[in-house]
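To start, the structure itself, in structure tokens.
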Amino acid sequence: MFAFMANPARFMAFSSWAAPLLLAAALALFAAGLPWALFYSPADYQQGETVRIMYIHVPAAWWSMGVYAFMGGASFVSLVWRHALADVAARAAAPVGTVFAGVCLVTGSLWGAPTWGTWWEWDGRMTSMLVLFVTYLGYLALWAAIEDEEKAARLAAILCLAGLINLPIVKFSVDWWSTLHQPASLLRSGGSAIDPAMLGPLLTMAGAYLALFGALTLMNMRAAIFRRRVEAAALREARA
Amino acid sequence: MNARRPFQDKPTIRVEGLTLVRGGRRLFAPISFAAGPGEYVELLGANGSGKTSLLRAIAGFLHPRAGSAHIERCEEPSLALHYVGHANGLKGQASVRAHLKYWAGLFGGAPSEDFVVKALNLARVLDAPCRTLSQGQARRLALARLIIAPRPVWLLDEPASALDYQGRAVVGELVEGHRAQGGLVLAAVHEPLGPKPSQTLRLAA
Amino acid sequence: MRALGAAFQRDLALMWSGGGALAPIGFFLGATMLVPLAMGPERTLLASAGPPLVWIAAALAVLATLERLFQADLEDGSLDQMLISRAPLELLVLAKGAALWCAIGLPLALAAGPAAIALQAPLERVPVIIVSLALGTAAFVGAGLAGAAVTAGVKRGGVLIALIVLPFFAPPIIFGAAVAGGKDVTAALMILGGCALAAAALGPIAAAAALRLQAE
């Protein structure tokens, strides 16, 4: 798969139909999943109707981490094999992951207001997610600050891999810290057993997020590659 | 010029089909050449033709887009070369003496400080902080690295820039002495340094 | 070994001649001074929340020293010389980190004693706060090396370094603040030592990889 995609021309051919297809899949899954989750799924016996926020919140949390892992993989490929397409992939995925993490934080806060009675709770999960969000911002800012694109890609890849090591440590520390500060009186989000009637819409929404991520990333990558081609053409013209 | 023993290695620079790209622009037509022990190679070319990048690629700082640039037949690859670039590698707050000491540690030389200082005419400024040096004195200090630690390959980028007539003569003598010991010198220059080059490379876009 | 010794000595001398720990410690004490001004001087409130804030001040003081750490080496050509020296770049970076820790980290840890007392930390807790900050600043320096290296080519990159490095400061701050607040001290100290070791090992590797790219 990787060897096949390594060729930019083949990638452009592949993505020219894969991106719209994934976008259509994302729209279809959202069209099915959103009404299912928001209107036709059962309310929680404890949390009532507010549980519906979870269908937006939980997949965003999953995939904000999933996207970072994807970027970590792409960064590794970029550093080890110096592959330009891996650079483009990591860079293209970053804004999507940032938005997912942002959505997760905002919906978590919205859910917290009626459930915990506060807009922000320094709960272990939310704190870890906030650190992930800041990590994303640092990655994007570093990329924006370095003018030489090739250099920016490799340096951002180093940062991304360092973050990949850091985030589990942060997760562990924050869990340790939240048990230190808040004995288990807190209502933990995401109980141990999920009602099967809730699982259906949740997985549909997760699929929708994943398809959206794939579509947006491919579109971002195509835009970046087109931009490079235009710049290269302009440079050739300027010298001719 | 001095009585150090000749190099055991037979240092060789081998460049094959080298292509370098800076900021999306190819610097020169693919270049190939080889140079061996006792050679002095002059590298000529207009501003922006890629002389510095070629030196940096041979030093291993720059990754080639295509082709290769290697230093071969040196027992200790990490002790193979000296690089004197545009930037002298000096710290304004530190004294000349502190730099000599630091480099001796960093490069593994046994500095005969007297000799270094005499050869490069730095005696008067030995304890001065480097920010007080003139351009020419700073350049001489950077060249002192070549003497402090013996290394078979010298990569010099405009070694005589900012130097006076006498300073240029010293650089010429250093190069001749290095060749006599079986060393290899590759220098990017604007005008001939003095010693008769064994090869002249001209870079063109 | 000689190369590392020479690098350590030189970096320490350069940091010392640049004012050494004077400015960071002044900054540290100034930031600590703002805490009671913001929280009010009430003793019980300060005693419960004040000592951990020493850690915030220390983290900011270390951050403030990072911007020029490798930028100067990149600009004046020293980095090229480090690349062709006898020692691997990773170890030279480690030597620089060690010099920074000796010049800034250790003095900060010592200054944290009086600062913690001023913030109403119990006297018997002060030695352990100093030890924890010595470990914590080592972790900060390790992460800071990597942050400073990836941003070395960015002009006025101070805010950028802070943004990049702060997520890496989270674990040491958590365990350090626990020590300063007197909670679970032994466990927190052990983990803090682990953080310091990990940062000292991984920071120079990441920083050296970034510096090799910067030299291109």
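Note that the chains take the letters A, B and C in the order they are written out, and that residue 1 is the start of every chain.
One rule holds in what follows: a residue touches a chain if its C-beta (ideal position, glycine included) is under 8 Å from a C-beta of that chain, and two chains touch if they have at least 3 such contacts.
This is a predicted model, so every value here is computed, not measured.
Taking the mean of each chain's C-alpha atoms, the chain closest to the overall C-alpha centroid is C. Seen from the Cα centre of chain A, the chain whose own Cα centre is farthest off is B. If you average the CA atoms of chain A and of chain B, the two centres end up 49 Å from each other.
Remark: chain B and chain C have CA centroids separated by 37 Å (rounded to whole angstrom). In whole angstrom, the spacing between the mean C-alpha positions of chain A and chain C is 31.
For chain C, the set of residues touching two or more other chains reads 216.
Among the residues of chain B, those touching two or more other chains are numbered 63.
Taken residue by residue, chain A touches two or more other chains at no position, since every residue touches fewer.
Considering their complex, residues 56, 59-63, 78-79, 81-83, 85-91, 93-94, 98, 101-108, 145 of chain B touch chain C. Across the complex, chain A is touched by residues 146, 150-151, 153-154, 157, 160, 163-164, 166-168, 170-171, 174-175, 178, 183-184, 191, 195, 198, 202, 206, 209-210, 213-214, 216 of chain C.
Partner chain B is touched in their complex by these residues of chain C: 2-3, 5-7, 9-10, 13-14, 17-18, 72, 75-78, 80-87, 212, 215-216. Across the complex, chain B meets chain A through its residues 23-25, 63. Residues 82, 148, 231-232, 235, 239 of chain A are the ones touching chain B in the complex.
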